Structure formats: structure tokens, C-alpha cells
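Below: a set of structures, written as C-alpha cells.
Same chain, two partners: chain A is paired with chain B first, then with chain C.
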Partner chain A sequence: MKKLLFALLSLTLFTTGCMDKMNIEDVSLSLLIGIDLDENNNLIFSTSSPVFSQEAKIKEEVYISPAITMRESREEDDKTFMALTVGGKVQAILVGKRVMQHKGWLKLLEPLLRDPKNSITGRIVMVDGNAYDVISYLPKDKPRLPLYLTKLIDTAHLRNICTKTTLQDLRRATYESGITANVTEIKKEKRLFVTGTALLGEEGEYKFSLAPTENKLLRILQHDTKGEFSFTFKNPNQPVGEIFPATAYSFSTSGISVKTKTDYVSDKFKFDINVQMRVVLTERLFKLDIRKEAKKLEQEIEQEMTKRMKKLIHKIQTAKIDPIGLGIYARAYEYEHWKPVKERWGETLAKADVKVSVKVIIAGMGISK
Partner chain B sequence: MSKYAMNGITLMQYIILIHASQVGTGIFSLPRQLAETSGTDGWMTVLLAWIINCLAGWIMLLTLRKYPDFTLLDLLSHLFGKWLGKLLALPLIIYFASFGLVIMVNSMLYIKSWFLTKTPAYLVVLLFAIPSYLVVRNGLRVQARYIELVFYMTMWMPLFMLIPVGEGNTLFLLPFLKEGWLPVLQGLQKTVFAYAGFEILFIIYPFLQKKKYAIHGFLIGNTLTLLYYLFITIVCFIFYTPDGITTLNQPVLSLLKNIEFRFLERFDMIFLAIYLLVVSKAWIIYISCAVFSTAQIFKKQDHSIFSGIYFLFAVASVYVMNPTWNQSEEWTKLLSKAAFGVMYMFPVVLYIYVRGFEMLRRGKTG
Partner chain C sequence: MYFFSRFYKKYPSQKRIKMGKMNQIHEETAEDRLISIELFQNIKEIKQKFPASPDLVIHQFTTGLKQTRVALVYLDGLTDKNSLNNNILRPMMYDSREVNETPLPTISSCRTVSSWRDVENAILQGESVLFFEGQVEVRVFDTTGWPQRSIEDPQLESSLKGAHQGFVETGVQNIALLRRYIPNLELRIKEHIVGRRGKTNVWIMYLEDIAHPEVLKELEKRIEQIDIDAVINTGELAEYIEDNRYSPFPQFILTERPDSAVSQLLQGRFVVVVDRSPSVIIAPATFISFFQSVDDYSMRWLIASFIRLLRFLAFMIALLLPAVYIAFLSFNYEVVPLQLFLSIAESRARVPFPPLLEAMMMEIMLEMMREAGIRLPAPVGQTIGIVGGIVVGQAAVQAGIVSNIMVIVVASTAIASFILPSYDMGTAVRLLRFPMMLIASLFGIIGIVIGFMTLLAHLVALESLGTPYGSPLAPFRWQDMRDTFVRFPLWSMFRRPESTRAIQEIRMGRKRSKEKDS
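Up next, the complex of A and B:
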């Protein structure tokens, strides 16, 4: 018995370590991946990896190469990169606007979803322009680009200037027929800007962009009320200033509750979205006695908010998409009627009756009267 | 005093043994398989299957209660005579042995595809085999202690599944019974592999010290498994959209990929490595049932030689066959069919036979 055990244990001596050991020096971690189309509609992939070397002056390796697929582009990278490219730490995937305008571009991300070694928490970003322009950008006053870019998106997301969509979120949204995806949109001029949110169609094609203010409204309609919501409105009932915007006021929300009711009346889906907001004034450039006239201001905010939301919903319905996810409500509560229109939900929603009502309560006016 | 009292197990160990033998690798793909047939109503299937399993276990215990000191082989020899009994026990031993092997092969494939891609399959199985051998060669009491310890050590694991739930949407579960009861019932066959395990009752029952709590213990163990599966299935259904979950091979592992801490990415790797302990419980029980019964056939007290042979055979067969995912899925399907027979049909047939056998005897003597 002891002998057998001994023999077995001695076998373990030969199995020390694993076969696919890889030293960190031999690995080039792709932190950013860019996908573009050139004028002749050929795919161009770009990668940015950190360089682990004290002697290197620039700590970033960037390579732009044409390739058929993302996996093939990895080989292109390996031809020039010091170490072997791996995708396990992808922080962001930048997709050029020209790529996103085509249906089915999502297929290009296949290798990231299939190989279990790749991470799926990378952010998906649409670049208004070329993705490789962003990737080869080396700002002097910022930390290395992958860190800077992810931080930029994450903090902008906290203020709801843009959405933050990870690869996993995108995957879920594309496989779900009751919602269409939306991704962060950035732009590079002299420096990087987060410009808002890009809304995608049912097959991932780019439809239109939302400015930061509209993005906030979308997030409220999606019941996603985390983070900070700050609005600046103009009061139409106040005298206009000459130079300074005397009618402007700002507020942030201290609590939002959203309820969506679903109904099916006379061959049409009907959605009632009720938004309740508690707001705190953060800025007011005109005179108003809030103790007495709070109701008036509340009504004004309500009207303005409803107007803006209606406008947004109208835009969405015209584009025949559903970034709000009303389809999920339709399935959950009106399954019988939802099932036949599942495949053409965008069109159905365009005909649906979507009502918004906003209720605002001014919870505080700050420390000045 | 019974000859198995030396190796007697407590009620707690008995409960955990039943639970541990059920929870193995089946859980990783269970939510997808359920969603394929039953949609998001799959969690009801888990509940229904639990009721059926409780009934099946109850029938098993009804038979075993009459022969409290008999293991499966003793029982079969008693009922059918020495030779026929051994012959009948053979398929069951093969069933237990191959179940243990398939669980090991499945775990090996997970390990290989998630982090040791280039390590040869047989080496991974060898690394499983050595510690398992050290546990299996001992008596049931030692195994029960190992399994109890691992159970307490890994109780925290399901809690991590709660982290991604916040991003999910409970509306995905609505409406209940989307397409009526039929898909829910059709999903039942998918749960067989996940729920298989309580047939070890045939072997471990004589070791239980307090036999009057056998049925209670079985129900608690089975319910523990139900809660585990129900929890995982609902978490997966809430997180993944109803249309998206069927596109993932192992939704549970993919779910873990989303867990990220500020200081730690790719938590799924760590989770899977620790989860091996949980899976090891399942294969250890099956293998020990197989080698224990084999030793009984050869009238040997000590089954360590047979366990040695078993593990050598396991490593060798993996070396020779080098199983692929598709093969392993085929085997799993085949075993599910076998498990269906062993778990649901065999106990009923045995029970009816035992009743008849007794009536006949009473008639003879009376």
C-alpha cells in the first residue's frame, strides 16, 4: 500500500507546474482594441498595450493593421509587438462610427465572447471619427491612455453624461428582443470628449446620438436612477437678462421613482410612465420666493421635463428602436400580444401610445433664500 | 451489532452526503438546458423535479427500511440468490463507476477550457486522482468527514452569485407559465443529471446510525439541493435575458465572469478552482460506492486495492480517449438515461418485488 502511494506521489514530481505557463514579460496585454473601416470598406484593427520595460521611453505600444477578423489581427500585432498579445484585460473596445453604421458589426466581437480567457467587462465605445486616432493619442498631461479613457467614461457615467455599456451589457441587449442597445460615444479633436450616448438599432446599427441632457432623460425612463442627475432649465415666465442668462436655474435630484404601466387597448400597446422626482435647487439667477411660490416652479419643471421626455420618445419612435426597454414590460405584462410582434418590436413601438407624466417636489432650496 | 456500525455516519453527514452527491458539474449548464425547453419558467421545473425526487427517495427508503443492515449487494443476494444477485449488482456498479468518471472528465474539461488550456487531459485527471484516492481508500466515515468539512468550507460560494443580480431585471421572469405547463414538464428530463445522486442511498443507508430519521435526512438533503439549484437558476434567469441565456454553454460560469472587484479581476477563475472541491465531493461518493460494492462482490473487507485500480483505470482511459466536449456531452446524456432508470424505475420495481417476495415467504412459512 505504502509503495503504491509512494509511486503515485513520485509521479507528481513530473507534473510540477502547468504546461501553459506564461511570464508577464512575454505577455502584451491589449488594453484597448479599435475597429475601423477604411474608404474601401476594409477592416482595420488597432491595439494599444502597455510596455513593461524600464528602458522604453513611451510606455505604450500601438499598432494599426488591416485584418479580416479580430483574431487574425492578433497575429499581425505579434509580428511587431515585443511580447505575445492576449485579450484577457481589455478595458475598452473602440468602434469607429463607420463600422457601427453597418448592420451586424457585432459579429466582429465574437472572439471576445467565445474564448473564456478574454474578459467581457470591457467598455464598448463608439468613436465619432476613427478609432485608431483615439488609440494612437498620447496625451502628455494624463496617465496612460487606457487608464485615462476608462476613468473618463466611468466618471462621466456617474454624472450621467453618457451610458457605460460593457461587452456583457451589449451582448444582453442584442440578444433581448425587448430592448435595443446604447453605447458611450466619444470624439477626438484636440483632446478627448465624451459626447453622449449612441443609440443602436435591433441589429446593432447606429441610429442617432443623444446629447448628455437627453441621456439623463433616457436613464430616468429606463428606471436606471443611479448617479447624479443635474439639469439646467430656463424659466419662460421671467424677464430675459441682457447679457447674463437671468432666467436660468439648475437643480439636481435627490430621489427619482419611476413606474411604468403597460396596457393593450384597441390593437395598440399603451405605456404610462410616471416619474416622481424630489429636486434640490442648486442655482437660481432670478428672484422667486420659494416658500410661497414653490408650486409654480414645480409646475414649470414638470412641464419642461415632460416636454423634453416626449420629444425624446418621439425621436426614438421615429427611429423604430427601443432603448428604454419597453418591450420587456410588454412581454412581462402583455405576453399574448407581444409574442406575434416580437420580431418587429421597433415598428410596433413606433405605433404604440407612450405617455409620460412627471411629478416634481422641491425638497430643498439650499442655504440662500 | 451490524457489521457496518464500525463505519457509522451521523445524521448530519448523511444529509450532506446526499446533497453533495447531487451537486456536481450539472449545475453549470442547468440554467441553459432548462431555458432551452422551458424558457424562463425553468425554475418551476426544478421545483417539480424535486417533488418527484422526494417520492422516488421515499420509495427507496420504504424498501431499505425492511433490511436496515443490508447494502445493495446484500439485498440483491438476499432476494435473488448469491450469483444472480451479484450479476444484477454489476450494472449498478458500472453505473456508479462511470458516473464518477464522467464527473471527473467534465471537471477536467472545465478546468482545461477555462484555465489550463494546454495541459494534457490525463495530467489534470491524475491531479484529481491522487487526493481522491487518499480519501476513497478509507471507510465511509472518513469520506463523510471529508465531505462534511468541504461542505462547511464552501458554503459561502453561492453568495457571490448575488453580486451581479443587481444588474438584472426581475421582469424577465414574467409572465409565469408563458406557454402553459407543457414546456415545464418537458424540461423535467433535463434535471435528471443535475439531481442524480440520491441513489447512493442504496449503499449508505446501512451506515446511518439513527435509522428512524432516514427519511427526514433524505428530505433535508434533497431540499438543500433544490434551494441551491433554484437559487442559481433564478439568478441566471434574472441576469441573462430570456433569449440570451440559451446562447451560452455554461451560463453560471459566464455569470461569474462579470464579478469584478477593484483589486481583483477575473474572479471566475478563482471561483472555479475552489468549486473543484465541491465537485470532488460528488465524484468521491460515486467512486467509493462503486469500489465498495466491488470489494463486496469479491468478499474483501478492504477496498483500497480496488480504488487504486479504479483511479489508475480512470487516468489511463482519459489518456487513451482524450475526451472532447461533444463526447462528454454524449456520455452525460447516456448517463442521464441510466440515472433515470436507477433513480425512478429500479426503486419502484424493487419495492414491488420485495412486497411480492415477502408475501410469498409468509405464505410458505405460514
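Up next, the complex of A and C:
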């Protein structure tokens, strides 16, 4: 009995609990963080955090403040926000295009990586325009913005309209010299749009954007064939309709296998990317007996696809970046040759010989003839 | 430490002496004096010994041709009037008029005693005593018959497919219930008498060729060491003989089901039947045995296994869910998915109390409802359910005292804690929930881990009659795992569990399992 009493006594005397105790209602979650540059190149941070009180009419707190760093901006937020601002559940980090155009903006995300209480699964999004415009957007026909935005990006990613890059992915892509980063790109006009994917350079600087159709190709080249890949092509061999696009047809893929072969021939890297696709026809506006003439259509798709991929690769090579991650292949298979060019992989890839060949099999034509 | 010594203060010495005196008097009455030859002397003595006993009946009459004067003494209410009238009084008063010799009552259990102590005991136990004029020996007839309950369905442990006979308050009947299952000479019964005043019969039942003699020795030693006034209930006896007095866990299974007691006997355990108590002790117990129920063995093994796993899940929920809730809300909000977080936070926003207080309040409310439900008679008991459901469920949330999620947490904990087949284990879990909640509010998830590890350490160290309580998990016994988390098919359990230290290992002809092998 004495022992038990001692144990209880010591528990109550010597333990006061952890210092970092923070009840859920004392927390103001920064769900969205925006980073912008004003005209004089001063950093502007913006934060959106939910308000849980039933009395509040608007359930979102938004504050836009100039600050030197992200951590300092938290102090600014605490000056006005109801509860204590924390970053444990950051859903998306919106970065303005003007910020991304400068090298080294990644440093601004440092506090998110350093403090383990912060989340690293927040999505990195480039805003074509000002990030604070997006953050202060209060759509009436949608749930609260952070939920809407994350859902929008996640579902768009499933259809491969954009990539989904979390902070962790971005960190990997920047530390990894064999690949460059790509992030989701959104735009706010009257409403919010996912416009595609922004490709970043070796030091995080913005290079150029990919439209959804190109993004799908990029994803295939990256061997990332999850989700749905839907394409709408125009058949050049068919007569053009007057008003309606009689030459158009659509298909989605039911299985893609990609193989990348690496070689080093005559002082040049050589990559052979073989794509095999099983496609299912989802739409066709012209007449064609697929049972007999499937081969024809398959060839057309192959040609069109190869053409588009080559165009994409050319664009990438001119920009001297490597969002596909061919550098990782180079390192794995041709380490000897990769090692000296490691630091300037983008330029090396620009000179490299990248070949793409696509093989298409029409696996299904739907339930109508 | 002076402050605390006040709590430890011994009884004042005067009181002690008084109690000692009482014991001495008690001993004196039980002194071994012999019966007098004179009948009137004996009757006088009896009346002296039983002062203020209106239920004492002294019936004097003459018997036989010689008109011998006799006196029949018994306690009204403790005796069976039928057998008294028909089997003792009738032959002695009427049928014996023409017979020369001393007439014999037609009753099978009859003995002769000659000391006052035996006479007293016999009367107090409900036997009737016959004094003869001119004899120093008295006849004692077993005419016991006190108010009894008929055998009913066990109330506390109902089962779907098990037998519907439960133990009753009469020890010999309980023994009979068990004997019915095992008509075997190896079923041994050892009798002990516990309690100076109560003189409760305690029977240890076991199978001689299965149960380990060392465990029996330990059990007998502990029962013999009890020196108290009276044992009223099986639970009391269990508390006197258990291994760890401070453990929250029950160290013996208390059951009112003969079928589960028999199944434990066959596994090599001991059953202690306590007279006047409708439940028996099963020893040694293991932690896992509190999760087994008779129904497990009469259902298909897949279903039984599923239900068994459900019980372990329920154990974890009942123990940890409120603590996890507190930890998540006070420390580790990062692990809650955003959507859930938002809905928790929205309902928490109205609540003016910190999570610990909120949870404590609700859990205590629930415990009060449960306790109130037990004490109230059945028709009123339902009211508690309705009132509690409305107050705790609906109104508390609407008034903004607790959050919606908390109500769900409390409700699931309550349901989970009632799934456990053993009531004792259920109460243990319900109690342990509170320290868990406290430590979670101090240290978050780390606190829960610390609390749980401490609990595991305690479970591993605990023993029941010197047999490890954590078996078959700690010490790990591969053989016994067949009846632990998953109930393997019965034909595969051809060995008795090692956890009981049974000396006869195999309990099944292996013909069928061998056929399966080949």
C-alpha cells in the first residue's frame, strides 16, 4: 500500500505533463499558405485557417501580411488569428508565379521541413497570378476553400490533368540530381482552374508549363501510369465535318507498360523509351469497322502519340531540365559516364538522344459497334 | 511521513481486547463436554445453550413398549418438516408401540454422537437431534431442509448454446451438477471448512490424473490459512487466496455455469465450490481464459474465432479509446485526417471543458448509469436506460456540454466493455480506462504507450496460484495458441493446455488427426 501511495504521489508531484500540450480548440490550423512577391520584390505571406465557432458567419480566417520568412509570418498571423497558428495540417502551399521564377525560392519552405510537427504532405501548387488572390477566394457553391482545393487537385490528378507534388516529393526532386521537379499549376479567374503542370529547373526556378494533354504524356514517360489516361485525337484520314468534328475520336488506356533503356554511344547518352498501351475506344465520330480496320487506327494512334511525345521531349531538352527522371536511369546504368556530368545533367540531357516508340493495341471498342 | 501514518493508525488497544474476549467466549461454548444421562438435565442444558432462540423446537414424547422418554431437538425452518414427521416421529410414536426394542427412524443418514459440541453443531446445521432418557449418546438425523432456490438459467453469464442450468446456493447440489458431467472416479473432492463462525464448507474438485498436485497443494495451503469469522460469498474467498492483492485483474475465474466449470476441470484446472454461494472459483486462471466462453466451443470454429478476435478488439477499444481521443485532441492532432479533424473541431468548439474533463465526465456518467441499472428492479431499470440515453446522448450535445464525437466514443467504449464474457474482466477494464485517460492527457500518445507497457509488464508478472497469468503469450506456449486468439478446430486441440500444468497431456485419440496427416 505504501509503495502504491509513493508511486501515485511521485506521479502527481514530478510530472506536470508535456509542455507542448495544445488542445484542439486552441489551434488555428494553417491549411493553406501562400507565398508572393510584391512589385518591390518583398515577400508577402498569406494564410487561410478554418474557424470553428458557430457564431462566426464566415468560417475562414485569411490574413495577408508582409514578412521576412514563413516563420515570421506566423507571428504576424498570431496577432490577429483567434487561436495559435500551427502548420501541422498544411494542405497546400501556394506559390505565386513571380516567386517561382526566381532561383532558390525553395529555401522559404525550410521551416516546414525542419519542425517535425509540421506536415510534409502538403501539396505544392504554382499559382499563375497571385497566391493571395486564390487564398482569399471564398466560393459560395463549394465547401471551404482548403477542402475544395485539395479535392480539386487530387481528383484532377486521378484523371492526370496535373501532377500532384507534395512537399516531400518536391524535396526529393530538388535534392536528387537526376530529376527536376514539377508541380501543380492553378489559375484564378472568376473561378479556380487547374491549368496543368509547371516544370521547374534544377534550382526550383519555373521553366514552362504543360497543358493537361502534355501532362498525360509526361506521366507516361515517367512510368507513372496510375489513374486514367484519356486522349481525344483527330483522325487526319477522315473527311472533316462541317460543324461537328467528324474526325475526332477518344480513347482511354486500360494498361500501359513503359520500358526505358539506357545506353552511352559516341559520347552521348541514348535513351530508348518503349511504351506499350492497351486502349479502349470511348468515342468515335466517324465510321470505321474496328473489327476489320483496327490496325489502321492503331497505327494512327501510334504515330500521333509518338509525334506528341517527341515534341514534349524536345521542349524539355530545350529547357535543359529533366522532369522525366532520365538522370536516374543514367546513374543506374551508366554511372561512369553520369558521374562527371552529374552537376550539369540538364545540359547533358539536352544533347542526349531520346527515342520514343509507342505500340498501341485496341483492347476494346465499347459496347456499340 | 507523519501525515500518512494517520491513515495507518492501528485500532485502539481496548477494542482489540474486546474482540479477543469475544473469541474466547466463542471457544468456550465449543468446549468438549459429554452428554448427561438424565434427559431433563440435557434439556435444561440445551435451553441454556440456545437462549433467545424462538426457532428452537424441543419435542418430548415417549416411544416403544417401555415408554422410554425421548426429546427431539431441532431448529425450525432449517429442517425438512416432511422427513421429520414421516420418517422420525411416525415410526417412533406409532409404529413402535408393539415392538420391544428401541424403534428405528426410517432415515438413511443417521449417526451417534456423545459430545455437546457435536450436538450444537448438528442443530445449527439443520440436523435434528434425538435425546434418550438414560443414554449418554444421542442420535443425529440428517433432516436438513432450508429455503432453497430452484436451478435456473445463469443470470450473469447467459449463453446461447450452453446448458441452462446454473449453480445454486447449496454446495452439494453444485457438486452434483458437476458430477453429472464427469461420472468418473478420478473426479476427487476435498472438503475444507472455512470460517470460525460461518463454518462454510469449501470443496476443491479436480481430476486426480490430470491436475497438477503442486497446484493442489498450494490451493489447499491457502484455504487452510484463512482464519476469519465467515465466508459469505465465493468472491470473498477468492480475495483471501489470490496471488496479488493490488492487481486490478481478476486472478480466478468466478463462474455460475457448471458447463464451463467442467470444461476447465477437464483442462486440468481446479474448481472450488463454496457452500451457500451460487458461483464457483476456477483456478489457476490465465488472462486469455477470460476471453473464452462456452459458446466458443459449440459454434463453428471460424465463427467462434471471429467472435474471439472481436473480444480482443473490444478489450482494446474499452481500454484505450477514450485515452486515444484525449491524446489526439490534446497533443497529436496531426494524425487525425483533416475531414475528421474539422468535424471534431466544429463540435468541440462549443464545449467549454478541456478534453480530459469532458471524457471523464461522460465516462463517470456512464458508470453511474450502469451501476444504477444494476441496483434498480427490472421495471424501473429500463427508465434509467431511457433517461440516460436522452441526457447523455442528445441533450448533453445540444447543450454544448460534450461533443458529438465524445458521445460516440463513450457509447462504443460501453458496448465494447460489455462484450467481454467475464464480468470481472469487464469491470477491470472499465476501471483501468481512467488512469489511461489521465496519462493520455498528460503525455499524449507517448503516455498511452507508457501506460499500456506498464499494464503488459504487470500482466506478465502476475500469477494465479503460482501459474503464470500471461500464459500462453508470456511465457509463450505454441501449443496453447490453438485456443487463444483463434479457436482452432476441436480435433486439432488434442493436447490439454500447458498453461494449466496438466500432468496428463493428451486428451484425444489422435486417429482422426493422423488420418488427416497421411
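Of note:
We adopt the following convention: the second predicted complex is superposed on the first by the 356 of 369 C-alpha atoms of A that agree within 3 Å, B and C clash if a C-alpha of one lies under 4 Å from a C-alpha of the other, contacts with A are read in each partner's own complex, and residues count from 1 in each chain.
The working rule: contacts are C-beta pairs under 8 Å (C-beta built on N, C-alpha and C of every residue); 3 or more make two chains touch, one makes a residue touch a chain.
Small disclaimer: the values here were computed from a predicted structure and weren't measured.
In the superposed pair of complexes, A:147 makes contact with chain C only, with no contact to chain B. Of the two partner chains placed by the overlay, only chain C lies in contact with A:54; chain B stays clear of it. Residue contacts after overlaying the shared chain place A:171 against chain B, while chain C stays out of touching range.
In the superposition on chain A, A:120 makes contact with chain B only, not with chain C.
Shared-chain residue A:308: touches no atom of chain B or chain C.
After overlaying the two complexes on the shared chain, residue contacts for A:23 are found with chain C alone; chain B is out of touch.
Of the two partner chains, chain C is the only one that A:91 touches; chain B does not reach it. Touch criterion not met for A:284: it reaches neither chain B nor chain C. By the document's definition of touching, of the two partners only chain B reaches A:328; chain C does not. Shared interface residues of chain A, touching chain B in one complex and chain C in the other, are 1, 4-5, 15, 18, 20, 88-89, 117, 119.
Residues 4, 246, 328-331, 333-334, 338-339, 341-342, 344-346, 348-351, 354-355, 441-444, 446 of chain C are the ones touching chain A in the complex.
Interface residues of chain B facing chain A in the complex, by the touch rule stated above, are 113-120, 123, 126-127, 130, 133-134, 167, 169, 171-172, 174-175, 178, 240-244, 247, 253-254, 257-258, 260, 265-266, 304, 308. Within the complex formed with chain B, the chain A residues making contact are 1, 4-5, 8-9, 11-12, 15, 18-20, 88-89, 116-117, 119-121, 168-169, 171-172, 175-179, 328-329, 331-333, 335. On the side of chain A, the complex with chain C involves touching residues 1-2, 4-5, 15-18, 20-25, 27, 29, 31, 50, 52-54, 88-89, 91, 117, 119, 146-147, 150.
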